[in-house]
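Pasting the structures in now, so scroll down.
Consider the two complexes below, in which chain A is the common component and chain B and chain C are the respective partners.
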Partner chain A sequence: MDILVYGTINSVSLALMGLGFAMVYGISRVPNFAHGALYIICGFVTWTLFQKAGLPYVLSIFLSLCVNGLLGMFMYRFILIRVRGMNISEIICSYAIGLAILEGLRWGGFRGMTNTLPVFMEGSFMLGGVPVDYHRLFLVVIGLLLLAGLWVFTHFTKLGLALQGMAQDEQAALMLGIDSDFMAMLAMGFGAVLAGIAAILILPLGNIVVESGYNVLIMSIAVCIVGGLGSWMGAFFAAFIIGFAQILTVVFIGSHFQMVVALMAIILTLILKPSGLFGRQKELEERV
Partner chain B sequence: MKRKPSRMILTLIVSLFVLSWGGYAFAEKPIIIGAPLSMAYLYGWTAERGIKLAVDEINAAGGVDVKGTKRPFQVEVIDTRDLEPGVPVSEALMAVERLILNKNADFIVGGPNRSEAALAAMSLLSKNKKISIVTSGVLTPAYHKTVEKEYDKFKYCFRIHGEAVNLIGEMIANFADLKEQYGFTKVFIIAQDVSHARGAAEVMAKVAGSKGFEVTGTEIFPTGASDFSMALIKAKDTGSQIINIWMDMPESAILLKQWYDMQIPALPFGSTLAAAEQPGFWKSTDGKGQFTLCNVVNAGNAPSEATEWTMKFYDAYTKKWGIEPEGLGASSSYMAVYALKDAVERAGTLDPDKVVTALEQTDMMGVYGKLKFDPKTHQVIPSTDPKEGAVGSILQWQDGKRVVVYPKSIAKGSIMLPPWMVKK
Partner chain C sequence: MSTQELRKERIDRGIKVRSDGLYALMSWREMAYLTLPRFILIAGMLSLPVFMPGVYWQRVISIVCIYAILALSFDFLAHFVGLVSLGGAFFIGTGGYIAGILNSYFGVPPILTVPLAAIIGGVVCTILLFPCLPLKGVYFAIVTLMYPLFMARIIEAFDIFGGTDGITGIDSFSSAFVEQYLIVAMLLIFVFGIRRMVNTDMGLIFTAVMDNDQAVKASGISITKYKSLAVFIASAMGCMAGACLTHIYMWTGISQFALDFSILPIAATVIGGSGTLVGPLLGCLILVPVSELLRDFGTLRIVFYASLLVGFILFKSEGLMVFGQRKYEQFERWKGI
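Moving on to the complex of A and B:
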């Protein structure tokens, strides 16, 4: 039961981390290597608004998510748009932005281990004999609701369908009058907001540390490669595979190898099925 | 040719200004202390603060008397980043090299902070005949054993804070008290996958076993791991009563919060538990840090009255930096500068071989007791009595305060158990 409970929590955490990365890549085909930095910056903005400016927590969260969304759109509109379509340049450019954000935060004095966000609800309960705190329960519930909401949004709203159209075939979407650059900018904004939501849900479990931005990026890439680059559902299922694999590794092999699991998953996927679990478009290319 | 009087006056004023300014600062060449530190981490910035506080005090009092010439200290800090995950040891070595070659450091004080990096830097220091006093983070016994093994080569390396085996001894003494008082006999070990922590966990398992404790399990987590639930459940399922933690990564806060939320009936007892050492820990965990025990290695890193120096240092640090000494590295870095001053003054020169001999003869009172280096290993000599040697300090978080509970000679309170561990 403990494996099931904490495997699920770990998996949903990974899914939350990777969802924004998968969304941006799925729509704009831009691998956003600043994803981890956006995650951390949202945590620090929320912390600053809540702890330093004294704003209510909910308002701080709302404002920081807005800031993150705008930052994502700004990144695309003024920087990434210039290198779009050039894969290596996109990676270098977005990674450089991420590096500038993270190192800028360090330089600005955001260091140490004592900055944190409050949990949504204190206390814990027993689930099948396993102690679980309420915040982790919130994390799982909100994570699953978010995924369901995204599915509804991309299948039943005009904007969502336009985004999905972009993801499926950008040139066909252009022919139908969808502004691809605007959609890509929106996707970057949504991706940044999703990174922010992940931060708001995960950071209260520990503390806000600049260096964890790099870890978040690595885990997001792992989830997206295993799931199939560009596939949101793929990222979700991959998060469950890696999440449970990590927990099983801790229980049966040794906690020592916990981080290796994600990296091994990347290597195995690239050897056995480079398109990932659900990367259908790439799979077609591979067949051709 | 007739010179304009205005130009002459200007020249005179400038000359006077230059002369007077030079005289006000220090006429003599400064002694440069190079500090290679991992600045984003506690053990880096506490060391920097400790060093700078001592340097300011010494310079304000006239500087270092080198055979009748008063010379000031000057600090040059380079960020090694060696405590950060994924940063290769070579980064720290480059930082040390830059301090020696570019900044012309006379002495190296502070780091590198990670044991692996400090061990790797020993050859570089020897090659350049630079005296180094490690003051923060380096806990591996391999450091002083290396000096002992090849004294002629590594005699320039000193360590002024406690090391892992010494820390284990202090913790075992507390375990023995807990055994006597509450009947605790089962210990579960959680460590970070870094040299000093892995080594310490291994030694702790052996020593605890030999002292009649049952080690119910050992879990080694990679740096950056963020979920510890399975290890905590293992600790609970095996009936462990003490969780011995060796972890300096920030994610240790997640471990301690999980421990509290899951109400694991085993007392968290850590060493180099950086997250729990800092005064801000209580607020950052919303009080879930209550009952956490933590070895902060030397007295002075938490409030106590070990010697006359202790609270004087504590208050001066708090006044200068606006925060209490935050953990390992604060008091030892401060004392390293004073020990260096003392040695240079006795040697009457900066010649490394003569300063090495002077440092080996160090015998002075400091923030955490009497400072003396073992002449064979260059490790500061530990003790439980500040009059005899360097004393450690173990604190427990009690109602938002860091209360020193060990050693008895400086303790301000005794160990408390969480309510879910108290037998009714």
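Moving on to the complex of A and C:
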């Protein structure tokens, strides 16, 4: 039973991490290697606003999400737009930005175990004999709601349909009057906001440490690769596969191997089925 | 007159044109024009350790050369074979561990471990990367980025080869002179060797694999064979650099799989000029000493070179070497339209 409960929680948090990455890649074809940095910076901004400036928790969360979204959009508008379409430069550029942010935060004395965010609601309840915090319940519920919301957004709103159109065929979208650069900028902003939401939901469970930025990046890449880059549903299912695999390894083999599972998943997926679980044939041609 | 009515014109210098073919041999000036840059490179690299004040800066030069070899292997793989490998740390780590194991478990002297590490490491890396060779672009980059992390986690999880402490008590090189010049000589040999190789028939196939692998396949040439050959060459260089690093620090550990070894050579290649093979060396000569000078600022130096990297990619993506080469070979003037 605890495998089931904690596996689900772990999977949903992985899905949350990976969602932003999948979204940005799916729409603008930019592998956003600064994803982990955006995740950490959102936690940091929330912490500063809440603990240092003394704003209410909800307001500081809202503000930091706005800041994160703007940061993502700026990053696209002023930096990534210039290298768009050049694979190597995109990776190097976004990775360098992420590195600069993370190491800058570390230099700014933002390390150690001192920085924590409060949970939304204290206490826990029993679920089939397993104690579960209310916060973890929130995480799962909000994660699933977010996913459903995104699905509705991309299928039933004009903006969402425009984004989806761009993901399918950029040239055709341009012909139908969708401004691809603007949409890609928006996608980057949404991706950053999603990273921020993931941070705000997951970070209260532990400390805000800079190193976890790298882990978040790896996990989100793992989720997206296994699910098929650019496919959101794939990312969601992959999150469940990796999430349960991780919990099973922790229970039966040892917690050292948790990260090995994710990396193994990436390598094996790329070797055996490069287009991922839900990748389409078109993507396969690009890869191999 | 506003600038809109002008255009910039670039014309090859007369001496460049005259020294293009065999006729360069007819005049000392033309020969000097051709050999001077190479001579400056060789003489400069050989005399650099002599001019360095103190052991500390001499060691910095060795580190520069190690990074330069790694950057050279990145440049070769990325711009002559089309495989963007973000896993420089994978090569360094594998080479370092092989040298460490050979030296401390089997007592092989450093002078043998370095070439052995290059060959065994090259084979090991090629075998491990072999399944990923069909991948292209972003996917190869991501999978190679994961390899060093994966190796580090494996060593940590299984607690093999000294686990998190690494292998200590490895022999150093027999003297400071050997330590200095072995690496410098290796670097020079690699730079000129790779330059020569990319102009041979094999180099032509490598470039063809990058440009259009289907066409290569259609010509009846096995892409996999050539890709794995290229990976072997690049990883052997990287492993050799890793082995030298192990012997310099007399230690090998999982920090040799750290991301530093992946990102700094790439930064150096971008700054120095990608696709020039000498550019990475130039980039390392700038980046590594600067990052040593900034050591007091801690992780701020990573911020510094990451921003430098972004700046160069955005505003000067050709790199210093291409820029310098253009200035050496061509002159520019504004011309009315």
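To be clear about the criterion, the second predicted complex is superposed on the first by the 281 of 288 C-alpha atoms of A that agree within 3 Å, B and C clash if a C-alpha of one lies under 4 Å from a C-alpha of the other, contacts with A are read in each partner's own complex, and residues count from 1 in each chain.
We take it that a contact is a pair of C-beta atoms (placed from the backbone, for glycine too) under 8 Å apart; a residue touches a chain by one contact, two chains touch by 3 or more.
Everything numeric here is computed off the predicted structure, so don't read it as measured data.
Visitor: Looking at the overlay, does A:Asp133 come into contact with chain B only (first), chain C only (second), both, or neither?
Guide: After superposition on chain A, A:Asp133 lies in contact with chain B alone.
Visitor: For A:Ala238, decide between first (touching chain B), second (touching chain C), both and neither.
Guide: A:Ala238: touches no partner chain.
Visitor: So, A:Ile267: does it touch chain B (first), chain C (second), both, or neither?
Guide: After superposing on A, A:Ile267 lies in contact with chain C but is clear of chain B.
Visitor: For A:Thr116 in the superposed arrangement: first (chain B), second (chain C), both or neither?
Guide: In the superposed model, A:Thr116 contacts chain B only, not chain C.
Visitor: Now for A:Met185: first (chain B), second (chain C), both, or neither, which partner does it touch?
Guide: A:Met185 contacts neither chain B nor chain C.
Visitor: Where does A:Arg106 make contact in the superposed view: on chain B (first), on chain C (second), on both, or on neither?
Guide: A:Arg106: touches chain B and chain C.
Visitor: So, A:Ile225: does it touch chain B (first), chain C (second), both, or neither?
Guide: Once the two structures are laid over each other on A, A:Ile225 reaches chain C alone.
Visitor: Based on the superposed arrangement, let me know which partner A:Ile91 touches: chain B (first), chain C (second), both, or neither?
Guide: Once the two structures are laid over each other on A, A:Ile91 reaches chain C alone.
Visitor: On the A-aligned overlay, A:Glu211 touches which partner chain: chain B = first, chain C = second, or both, or neither?
Guide: first
Visitor: Across the two complexes, what residues of chain A are contacted by chain B and by chain C?
Guide: Shared contact residues on chain A (touching chain B in one complex, chain C in the other): 106, 214, 254, 256-257, 259-260.
Visitor: Under the definition above, what is the set of chain A residues touching chain B in their complex?
Guide: 2-3, 6, 9-10, 13, 106, 111-116, 118-119, 122-124, 130-133, 205-207, 209-212, 214-215, 246-247, 250-251, 254-260
Visitor: Show me the residue ranges of chain B that touch chain A in the complex, using the header's touch definition.
Guide: For chain B paired with chain A, touching residues are 39-42, 45, 84-86, 193, 219-222, 224-227, 229-231, 233, 250-254, 257-258, 261-263, 274-275, 278, 280-281, 283-286.
Visitor: Going by the contact rule set out above, which residues of chain A touch chain C in the complex?
Guide: So the residues of chain A in touch with chain C come to 31, 79, 82-83, 87-93, 95-97, 99-100, 103-104, 106-107, 214, 218, 221, 225, 229, 254, 256-257, 259-260, 263-264, 266-267, 270-271, 274, 286-288.
Visitor: Along chain C, where are the residues that touch chain A in the complex?
Guide: Going by the criterion above, the answer is residues 78, 84, 86, 131-132, 134-139, 141-143, 146-147, 149-150, 153-154, 156-157, 259, 263, 266-267, 270, 297-300, 302-303, 306-307, 309-310, 313-314, 317.
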